[in-house]
């Protein structure tokens, strides 16, 4: 559903946490199929046994896409995605891990060139069932200022 | 297949371009299903007709995941993904667009703290069949230095 | 997200309408694959041309499952599904149709045998982009009464 | 394949039982993706561990769709689906359960308004590998009477 | 459903024809995802425009797998697949083509070494909506002889 | 990526081996969905327990399609698929097996009727993690001869 929230209404520190979602073997197989990335890290259980991490792991782009999806609740019709910064994967995600994403407003500033718009930074942090961080990034939103 | 390429062997300006891939309605429906993002921008053709862009568009995370997949050829066993910076989506991707990714080494520097490793920046640029850029990002690789 | 709403708090006439969703060829192919129902009504475009409706149509169970999904927003932790009554498909759904579901509380009554619980009837009506009704049913919820 | 069976030819008590089908994690993940219902009951293994049922369970609409698919054998060209009544889910379906559906003609009556057609009720009952009933419903068929 | 048919009961010339099935873009995208074959012949509509056949075509293994599926009706519990010979793809299959498979018993002979078993050859021929042959192969069945 | 290799350049005995790929329950469920083959050998874990092989096994067409995909690396623009011979499945493939394909040039001969072209036979052999052969076939390539 749509709602309206202007640039001025975002507050540093605002935060929300998603439901959990268990990453399954199905997710990895489907993601390989969607992207064409069949690297043995994701698809060859025998090879993975010979590696330090021992198990098949999720593609980074899978974890990222699911994190974005976990945040896709109601839609602010005054905002759109501007981009992402500082995307990192501090730990691998394995089959059976349950992820949860926390979204926190960490910064806001007027757009340098487009008057009437601001950039709101929403830090995304994804943790697994052991509260270990598996993904962090800064999601930048391009948000309309309140009409004067 | 695996190969070995050390930090010292990357050269600024090295570049490769992927095969093309047409983004289909199927890709969008599957990506909504994988992520849980069923925003009307991707899933409601009637609503899209009322918007400036007129058509359903691909999720940003879909374009990003497919771009990463287009680059997933042979595997350098001396490198791993460190993260991504400056991910932007300059233009929307519509059903039927054919994407192609170019990967160019744009920067390299020793890792600030981990001796024996460097960070190699590979600029990813995705264009459509009209040579318009639809995605850019910097893919950072963590690469082993040559043994001394 | 979870919320709490007791039997007493439901009011006859309460209503909500979902976002729209366009039914694609992909949805039908995936549903055939999930269910094993490959009837020519859904999968054989040539045969469909010889029939009164001329086009491939969605499986009734697909329309029903998507209708249920369109209603799957926040979760009332005091309620669970009891069942469905009077499921009908007044008109076929074709590829490209955009569906929207309206959920209306139409009846409530104490459970005949389980004290402390009631049955709340939520009428589900799915319409297409021409405001034609393509599915109706009564979704029965088993809801906890307020503690006394 | 098509065959022809008129209203008069249905007999109360006729019954057939389907092959079995094991419900997999894949089925649940695909069904979440098809419907957009990512409720933790289906997708969050950690949360499920804290609930009475302990495990992820299939969506009701998944069990229903698969039941319908299990019955989709040869096609009676003299009949079409009229609707469903009394859909209930007496027990949850878990990953690894193997389902089998039994279809029994339980009632038939002339259509109240459309001369030359009758309504045939086919009771659908789905059981798991422990012979516990997990779904029941009445499938109503709209069937042509024999030409006079 | 299972039935029993012994080697002696197969007759040269016996034939059955499947229902039709339209090959969709979805089928090709899913098959690329299942196999990892993202060749531009299947996935790059722009490149295909520059080729003699002008359009994306189905993978040969997709047509073959669907042909096998079209023949997967009731199961002879006295037979199992022995292999396939002479698999050819006389014409390409394009998105929107509707395929139909005909299965004809063309040969039978006792197994050269295993007494009590025979090899029954079932010629599979797949045609499109213009009655052009797009796939042929000989499916060899290993069939039990009648007990003496 | 494309390369050029003429008939004369193929040498008997040339060989390459693919990366490994683990066959998952997901692969089997998706393949059933793609083909419509829901035989209990693949889909009914309870029935399989009563059979000699005890477990669900992959469809032969799934193993074949994945084998072909494992070989789909760079593309010789001077060759196209002519067909397949002698496709056999010496052992079943179970969920969790990791497959690897070896492709060896075993024969070449001028095309009997089309001057300037030859047929190159590439033997495909798929083995599992215990080095047991699960699929063999001869893939025939139709290859252009060097211009004179």
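As written, the chains take the letters A, B, C, D, E and F, and residue 1 is the first residue of each chain.
Rule of thumb we're sticking to: contacts are C-beta pairs under 8 Å (C-beta built on N, C-alpha and C of every residue); 3 or more make two chains touch, one makes a residue touch a chain.
Keep in mind that this is a model prediction, so the values were computed, not measured.
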item: Any chain that touches subunit E and subunit D; value: A, B, C, F
item: Chain separated most widely from subunit D, comparing mean CA positions; value: B
item: Interface residue identity across copies subunit D, subunit F - same or different by half; value: different
item: Over-half contact-pair match to A-F, picked out of the listed pairs C-F, B-D or D-F; value: D-F
item: Chain centre separation in whole Å, for subunit F relative to subunit E (CA means); value: 15
item: Separation of subunit B from subunit F, taking each centre as the mean of its C-alpha atoms, in whole Å; value: 30
item: Subunit C-subunit E separation of Cα centroids, rounded to whole Å; value: 38
item: Multi-chain contact sites of subunit D, meaning residues that touch two or more partners; value: 19, 21, 25-27, 30, 34, 36, 38
item: Interfacial residue positions of subunit E with respect to subunit F in the complex; value: 21, 27, 30-31, 34-39, 59-62, 64-66, 68-70, 72, 75, 81-89, 137
item: Interface residues, subunit D side, partner subunit F - complex; value: 19-22, 24-27, 30, 96, 98, 129
item: Complex contacts: residues of subunit C adjacent to subunit F; value: 30, 32-34, 36, 38
item: Complex contact set, residues of subunit B against subunit C; value: 25-26, 29-30, 38, 40, 43-47, 56
